[in-house]
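Below is the structure I would like to discuss, written out as structure tokens.
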Amino acid sequence: MTTTNRQQFASDNYAGTCPQAMHWFMEANASGHEPAYGDDRWTQKSTDMLRQLFDIDCDVYYVFNGTAANSLALASLCQSYHSVICSPVAHIETDECGGPEFFSNGSKLLVGENQSEAAKLGKLTPEAINTLVTKRSDIHYPRPKVVSITQATELGTVYSVDEVREISWMAKKHQLRLHMDGARFANAVAHLGCKPADITWKAGVDVLCFGGTKNGLPVGEAVVFFNKAMSEDFAYRVKQAGQLASKMRFISAPWVGLLEDDVWLKNAAHANAMAQRLSAGLQGLKGVQVLHAPQANGVFAQLPPALVQALYARGWKFYQFIAGGGCRFMCAWDTQPESVDALLADVKAELGL
Amino acid sequence: MTTTNRQQFASDNYAGTCPQAMHWFMEANASGHEPAYGDDRWTQKSTDMLRQLFDIDCDVYYVFNGTAANSLALASLCQSYHSVICSPVAHIETDECGGPEFFSNGSKLLVGENQSEAAKLGKLTPEAINTLVTKRSDIHYPRPKVVSITQATELGTVYSVDEVREISWMAKKHQLRLHMDGARFANAVAHLGCKPADITWKAGVDVLCFGGTKNGLPVGEAVVFFNKAMSEDFAYRVKQAGQLASKMRFISAPWVGLLEDDVWLKNAAHANAMAQRLSAGLQGLKGVQVLHAPQANGVFAQLPPALVQALYARGWKFYQFIAGGGCRFMCAWDTQPESVDALLADVKAELGL
Amino acid sequence: MTTTNRQQFASDNYAGTCPQAMHWFMEANASGHEPAYGDDRWTQKSTDMLRQLFDIDCDVYYVFNGTAANSLALASLCQSYHSVICSPVAHIETDECGGPEFFSNGSKLLVGENQSEAAKLGKLTPEAINTLVTKRSDIHYPRPKVVSITQATELGTVYSVDEVREISWMAKKHQLRLHMDGARFANAVAHLGCKPADITWKAGVDVLCFGGTKNGLPVGEAVVFFNKAMSEDFAYRVKQAGQLASKMRFISAPWVGLLEDDVWLKNAAHANAMAQRLSAGLQGLKGVQVLHAPQANGVFAQLPPALVQALYARGWKFYQFIAGGGCRFMCAWDTQPESVDALLADVKAELGL
Amino acid sequence: MTTTNRQQFASDNYAGTCPQAMHWFMEANASGHEPAYGDDRWTQKSTDMLRQLFDIDCDVYYVFNGTAANSLALASLCQSYHSVICSPVAHIETDECGGPEFFSNGSKLLVGENQSEAAKLGKLTPEAINTLVTKRSDIHYPRPKVVSITQATELGTVYSVDEVREISWMAKKHQLRLHMDGARFANAVAHLGCKPADITWKAGVDVLCFGGTKNGLPVGEAVVFFNKAMSEDFAYRVKQAGQLASKMRFISAPWVGLLEDDVWLKNAAHANAMAQRLSAGLQGLKGVQVLHAPQANGVFAQLPPALVQALYARGWKFYQFIAGGGCRFMCAWDTQPESVDALLADVKAELGL
């Protein structure tokens, strides 16, 4: 891998498979024939490791991607005539092509307000939840049943343990279940320095979709039910929805690589550090405004249009966010400091600094 | 891999990843960051190879497993109030936990009769199709819109080119679309010695689900639309249904390994040969009845109950078919002749031969 | 209405609205503006009457037709990856164009065997249930969750109280819920002479779809949940699925007409008596075979093809059943004895008797 | 009906059945047995009348209510991974408990901006459509396929012929289909004084849901496809979705009553006139602000909170709109001038005028 790969800031799913995941992928292949559909030793091993990691006897299911993880988890928490409360920038609302509605057969997403300071940081607030639940109670309005929060958020921020607890408190007050979209859960934990249990079940989360792909896996996410009553017959749901891998070991074994020796956390901490490095480098540059301090692995900044075009022309890839016109620079488990520095150098060169 | 792995006859999805697929999996990882969602060079390459293989400019989509491949393909061929005609032993009818009904939002499967000779070999017949289409035409009966055949069948038999053409003729006569579940398509082609085009689009097949997993991939199937009018917006369908891999290269690159140098065909031919070897060895053994000559990679045989139990006790794994009580021995791309011989030796030992 | 209306035997939904239902329909219109969506006095009144009729504090919902009643009830009893066990001639299997699969988003119907004596009378048996539940327990087979029986059956027969109890016993043994399709529930009660409670909740039925249309209503069925735990949020389900009448009084008030003075039972008893009259008249006629003694309001008989054609030529309308080639003559709340006699006279005339 | 029924302003679905609809309802019952499922003469007659009214050979289907009419029509215009563009106050977005998402199996509704003058009047604008279509074109965003407008709008305003044409132009530009929710279509036509064809197919509308219930029917709406290519197999869709009345005549015959002698238009004109009368009476009253001039049959006004409570205390029923805190007073086909005057008198009395 060249260190100045200019695609490194487009998305953390542009990154490849980390060595430890690759090791276990190959390991799982070494013995030839093995039981299918999860009755293999790697699936057992990674599941045990997840239970140990979360310090609870949770139910774990492996699915192929985040669309499926979140959509299936939500579908298991509500019926088609219920609704799911989320933030306006929630991935499930903006980037799943109606996946949650499809898997749930029609559950409507209700988006919280987007004017508060917290909302500007991509966070859902207890007040927004309360407003959506209490504004109506007639049957023409799909009954709120689930709250979904993304940890880390789509704007690269992280809910504190207290924030999750407050959301959970409000959710429980209204008999709502709490789902956590953890596509970048590792980055959140790395930022907070807490134990995984602290911002999940101990804070009231019922089910977590733990993202593996952005953290270094080739393919796969884990759906972790802390509330086991909610996972009844979930294996059937996974099967029917086309998310049961026949050669499951190739999905689960790489998880062993991530979980062993806290690779997942190290990968995330590295990506977060690269975002800090980039953010620090952008701070104070004339015409550049970092929109908010990065907490996870993404930097959101306002750049002069000419600079944006110039960077694209130099081959850099990054996304421009619809809302507000900011640019998003994502860092991954394998983003090189040299790449960050090269990007910064190009920015400065274009700005004539 | 030990040559006497006693799990080798349970299912061809107990097999691992073949070396060529593994090679390209690693190759795809070597360059670090690459575009996601299929905008990578391996996806382009494997797709081009599939178009070349089928000798037509087809539309190709990669999904994670067979449940999804078949269900999404069927959903794209009909609406919820239509029906799909298939054989009583069709995998989509018996082993998908309602997957086709889920993805199509309710399309009913109508099963053809199961008394004819062809039906006993797991095949759908033109007559059975005709009967189901013509028996009713009122709106209380879901209008037949699709015919689905499995090639090779679930009973290890293979439709001849003429048989596919006759089914296609009947389907077209009734304005039905033709879907081919090709979980073991490679084994069928290896048996027939024809070109892939001959039993697909040239014989009237609109869409093929080309199985990669059982043929040596770690994960993944290809949905191949020969009739491109039917794949309109299929990419959106794949996305919404949770079947779009973000790191697509890890799904598509292994296909390059299968397609290069006809590995897919060699893998299948080997599995077929192992089934022949096993079948030949079982022929004429007292109390053992091979139910029909194997054409693909599975042997179906009636064994004395005591023998079945004895083999299980010796550690052999194989399934007993619900209908008729027969035993199914599946062979895979990596089944060793020594394993076949060891199984046969155990059978003979138990029979006192 | 002329007494020799030759359409009277086609279907009991060819019949009109009975006078008592019509009376309350008009009564409900007399006062002008009234609360919508069921907050009116007729909905309250008919619901109270149904609770009294069933001698239990049940949950009652009014929907527009039988497809919706059965499909919504089934959807509330299971998830998409579950299955519903029913008889091969069950209306939900044969005549709903995939409605149950649509509303449940994919629940598969599993049909019981059809060779036993009971099956020939259109009944599901405890043995058939047991077979379907115990034959497999893997996740590729949609987990059985509901048993659905039709009372009276589609073949004009009636489950005895004991038969319902035995089915219920088997259902409960396997943790299955019990649904009763009561499109002709009134005819069953009229035949049995029991109390409505005896063949419903006292016999283990969880939810009944009580048919009003065939019994004399212009439109509408009642979904009656005896097990109130299963009707949680059912009002939302009804709303979302397009089954909530805004001017509900016009659906519910006619029920008052049916329930007052046991009109529902008298209507059913009359229809049953007409079926008896017709059956008695057909008995012993040369070439005519009454397939089984009618218990509800339909007569199923084998007639010589020439006779069938001759009756059609004379303007009589009746259906020929797919299975077995028998003819179905349905009687309704308003079938005239003179019509029965005219039909019998024409039969005899054609037979040269 | 007393002339001072204080429920008359809650909703136009609080109104009863108009005499002409009632007449035909009874007429349809007079002849006893008649063919079911729409093969009757009244269904033929009302359908012919609708074709004449719209001056085109359209496809007409009768369903039970507006939720179903709109949801089924939308489902026939798009697939689950497509999206429907509508206004933020569209009934399909705010008051159907997720019905459109349910029937379409997941189609997402995208709401247009709500800051323009037109938006404040409840109207969707061509610009809003253009913005939603052009902002993204990736597969993570459900592809826009349908535009839905409500005529008259939920805020009692009416799109002019030119406005419908401009929306249609923008829709066609982007290959979008155009659906009209006509729950109060009659009121719109009465206001515009145009021919029904002018604001439907001649202006580019593909399918209209023509509301009958609010216009004087007991139950039922008509789905009118001007673009017949889009109604292929719609009868099956209606059946599967539980919207096919077995005794169809009781749904269709009342339509004859509405269509004969332009009763539908007279009913609507009367309701509109009552809204004008009420609006005129409220104008200029101290503390009362009519939010915009009524064009259809609803008056939206801001009232002092104390006045609102006082009116409720006097027994008047009306809804308070969530957005903006305004009050909605709906008039119906049978709203009495005396009721309007009584309401105005109470308002003045409470204001001390």
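Which chain is which? They are A, B, C and D, in the order written, and residues in each are numbered from 1.
In this section, a residue touches a chain if its C-beta (ideal position, glycine included) is under 8 Å from a C-beta of that chain, and two chains touch if they have at least 3 such contacts.
What you are looking at is a predicted structure, and each value in this text was computed from that prediction instead of being measured.
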Furthest chain, CA centroid comparison against chain A: C
Contact-richer chain pair [B-D vs C-D]: C-D
Chain centre separation in whole Å, for chain D relative to chain C (CA means): 34
Geometric centre distance via CA averages, chain D-chain A, whole Å: 42
Distance from the mean Cα position of chain D to that of chain B, given in whole angstrom: 50
Residue list for chain D, restricted to those that touch at least two other chains: 80-81, 96-99, 102-103, 105-106, 139-140, 142, 236, 239-240, 244
In the complex, chain B residues that touch chain A: 1-2, 5, 7-8, 10-11, 13-17, 22, 25-26, 28-36, 63-68, 71-72, 96-99, 102-103, 105, 213-214, 218-219, 236, 239-247, 250-251, 332, 334
Residue ranges of chain D touching chain A (in the complex, touch as defined): 80-81, 83, 94-99, 101-103, 105-108, 135-136, 139-142, 322
Chain B residues touching chain D - in the complex, by the definition given at the top: 37, 79-82, 105-106, 139-140, 142-143, 233, 235-237, 239-240, 244
